[in-house]
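Next come the structures, one after another.
The following pair of complexes shares a single chain, chain A, combined with chain B in the former and chain C in the latter.
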Partner chain A sequence: MIEILSDTALATVQDLGRTGALNWGVGTSGAMDPLALAAGNLLLGNPAGAAAIEIQVFPFLVRFTEPCAFALTGADCAARLDDRPLLPWWSGAATAGQTLRLGLPTGTTWRASRAYLCVAGGIDVPDVLGSRSTQLRGAFGGHEGRALRQGDHLRTGTAAARITGFGAMPPALALPLERGGLPAIRVLPSAEYARYTAASRAAFWAEPWRITPQSDRYGYRLAGPTLTPEAPIELRSHGIVPGVIQVPHGGQPIVQMRDAQPSGGYPKIGTIIEADLWRLGQAPIGSRFHFIETDWTSALAARDANEAWLAGLDRLAGLHRMRSAAR
Partner chain B sequence: MTLSAPDIARLSAWLAETDLAELELRGPGCHLRLRLRQDAGHVTPIAEPVTLHSVTSPSVGVFLPAHPLHDTLLAPAGTLVEAGQPVALLRIGALLLPVTAPVPGIVAEILATSGATVGYGTPLVALHPVAE
Partner chain C sequence: MTVPVITLLGTTALLFDAPGETDLPTQQRIWALALEAETWPEVREAVPGMNNLMLAFARAPRNLDALEARLHQAWEAAAPLPLDGRLIELPVTYGGDGGPHMADVITHTGLGIDDIVALHTAPEYPVFALGSHPGYCYLGGMDLRISTPRRKVPVLSIPGGAVSIGGAQTGVSASSGPSGWNTIGTTAMVFFDPARDPPALLRPGDAIRFRAERVIR
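Right, the complex of A and B next:
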């Protein structure tokens, strides 16, 4: 069991998401940085999609009530197990009674905003519609369908001893993407793209976008050049997915994120490719980035690159655990 | 590099003839410091030659004395480390492995270059062992 010690808002149990339920009006939820969640699980020998805790407000403290192998990925939070500092993107082993503390994210070579605490066997919460992710809007999934609170006790899957004490290369460094010194995110132009003025379309790619404070797991409101359609666009509500970039009347876009509702009526200028959603999921409020135009083939290649990186980590971590166990 | 007692005596004599206050020699497996005592005008060795412990690479990989997300070294020279504590990292593809101190000690020198590809057994960090 792990006990939540801090009175921290907005930490939730997440996995890789509840896919396949959009037709029932159930959004996907899931980790804002699925690569970090998967990497933490693979370090521990868990399935990549085991449930973990997503932390986005710091400091965050938990106590292990029994021995537990764990991994921390995502934002570098200068974590400590009791008094001992832990490296970022690293696995460790806690004894019963030890406290894990995550401080404010620090960003020397990569600025990120969400950390993931993975545990051996995963966080043991019920599977609902094929996922353990917290669905906040519907108040189901995860731990009692809500964000974690001080005093919550979470069961972990298994207490079996694991080889720990090694880590993963952060994908932000292994799979970097930037333009003009700013992080970059690849976008497919979507249904209403061609209905925006040529100047708006050019500015969409050329100008940096800033993540405003009105940004959370539901969506990111961006600030940048005003996007103007050639003529007013009125649409009926239609299905949308995380990554869709909508443009409300003010001309400042909203990116739908993991907790997005499954339908909307604003015009869509683009869709962030699935392989790059983690980059935006980690981008801190106030930071700036560029959109890069891509196409279907490149989007699939980017997804394959992410999967190849995870497969490489899985294979090498497995070999390392095997070799260490044999020693 | 090995140094015998007569070597140290000869070095002490040379030092006494110069206007240097201190002489420090460092090499593989040896660390010697001689300091001129101001009052007596003669030289006393303040450190016996010691055997430095080489921390070697556990695998083929890319040597990283700092975590890739950090700009500070895990264990710069002078750091007191416990046995089992990581003193550097080795990157193998997507994996980061610790290079751990086999014995407690003080880091004397980082021997390999950051970002260099190293082989199994390559000396990476020199450690001055200390009693537990």
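Right, the complex of A and C next:
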């Protein structure tokens, strides 16, 4: 069991998301940084999509009530197990009674805003409609359908002994993408792109966008140049996905994130490619970034690069466990 | 728009938008198209919207042209698929604290509150599709005289049971959450329970009628 010691809210149980329930109006949820969640699981020898704790408000403290192998990925939070500092993107083992403390994310190596605590066997919460992710709007999934609170006890999956003490290079360093000194995020134009003025389309790619404080797991409200359509656009409701960049009539875009609803009707100027959604999921409130235009072939190449990176990590972790076991 | 339009939602899904005015026969063809498309290997889920269909990819295909051609062919072959359903009546309190944007609808349409309530309670609204949030239904059949554009800035949270108008559509929120629609009233009804099978109360083919239980002027 893991006991939550913090009273800071907004940490949730997440996996890689809920598929198959869109026709009941149920969105996908899932980790804001699926690469970090998958990597943490692979370090432990878990399936890539095992449930973990996503942490976005710090400091965050948990106590292990029994021995537990764990991995920390995502933001570098200068974590400590009791008094012992832990490396970021690293796996470790706690004994019963030890306390894990995650501090504020550091910006020294790479900037990120969300951390993932993965445990051997995954967080053991019920599978609801095909996933263990927390569905905040529907108040189901995850731990009791809500964010974690002080005093919550979470069970971990079958806790066979795991070999730990190794880590991975974070994808922010292994798969960097920047323009003009700011993080860059690749976008495919969407249905209404051509209906925006030439000046708006040019500004969309050229100007940096700032993530406003009105941003959360549902969506990021951005601040930047005003995007103006040639004529007012009123659409019929249709399916949307995390990564869709909607433009309400006010002209400031909203990026739908992992808790996004599965349908909408605001005009869509573009959609962040699936391979880059983790980059925005880790971008801190107040930070700036660029959108860069991509095409189908490049977008699939980006997916392939992510998958190759995860496959390499899985292979290395497996070799390391084999070698350690043989010693 | 006279031919269907296929556009991308990044690498996650594509969107098929049927031509013409929004109507039930077109939606019945969308239901038929969804039933077929969800059997294709590239497709993880086929999700009807309002006279449109989203295909979420099982895995984004290298060759989109083949999938798009197949989709166009299937649409040409799709006959309207009527779905049998139930009629559910929802008592509504219009206006007041539960209908904070009624004034905006009055301003936009130039109609009085009684006219708006009369026009809103008149039709049987067929459930076209589910979406937005767990258990929420998109309804057809709203009288265009009470159409009101979505709000310039979405409201951060409207409560469950909120009856609202967004563009040429109306609906009832099934739980509290953000919305860009104009809330004109409120009702009490449980639309979704994850422990139920199926979890949603309503499905395409059902219909809703609103009854004015009270009008707060």
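FYI, the second predicted complex is superposed on the first by the 327 of 327 C-alpha atoms of A that agree within 3 Å, B and C clash if a C-alpha of one lies under 4 Å from a C-alpha of the other, contacts with A are read in each partner's own complex, and residues count from 1 in each chain.
We adopt the following convention: a residue touches a chain if its C-beta (ideal position, glycine included) is under 8 Å from a C-beta of that chain, and two chains touch if they have at least 3 such contacts.
Because the structure is a prediction, the values reported are computed rather than measured.
Using the contact criterion defined above for the overlaid structures, shared-chain residue A:Ala94 touches neither chain B nor chain C, since it reaches no partner. When the two structures are aligned on the shared chain, A:Val119 is found in touch with neither chain B nor chain C.
In the superposition on chain A, A:Val255 contacts neither chain B nor chain C. Of the two partner chains placed by superposition, only chain C is touched by A:Trp24; chain B is not. Legend: residue contacts after superposition of the two complexes on their common chain; A:Asp76 is shown touching chain B, with no touch to chain C. Look at A:Ser237: by the touch rule set out above, it reaches chain C but stays clear of chain B. By the touch criterion stated above, A:Ala139 is placed in contact with chain C alone, chain B being left untouched. In the overlay built on the shared chain, the residue A:Leu173 is in contact with chain B alone; chain C does not reach it. In the superposed model, more residues of chain A are touched by C than by the other of chain B and chain C. Chain C contributes residues 5, 7-13, 15, 17, 22, 44-45, 47-54, 56, 60, 62, 64, 129-138, 149-154, 156, 166-169, 174-175, 177-178, 180, 192, 194, 198-200 to its touches with chain A in the complex.
Those residues of chain B lying in contact with chain A across their complex are 67-71, 86, 89, 91-98. Chain contact summary for the complex, chain A toward chain B: residues 39, 76, 87-90, 108-110, 165-170, 173-174, 309-310, 312-313, 316-317, 320. Interface residues of chain A, counted against chain C in their complex, comprise 19-27, 128-129, 135, 137-141, 187-188, 190-191, 214, 218-219, 232, 234-244, 248-250, 254, 261-266, 268, 271-275, 296, 299-300, 303.
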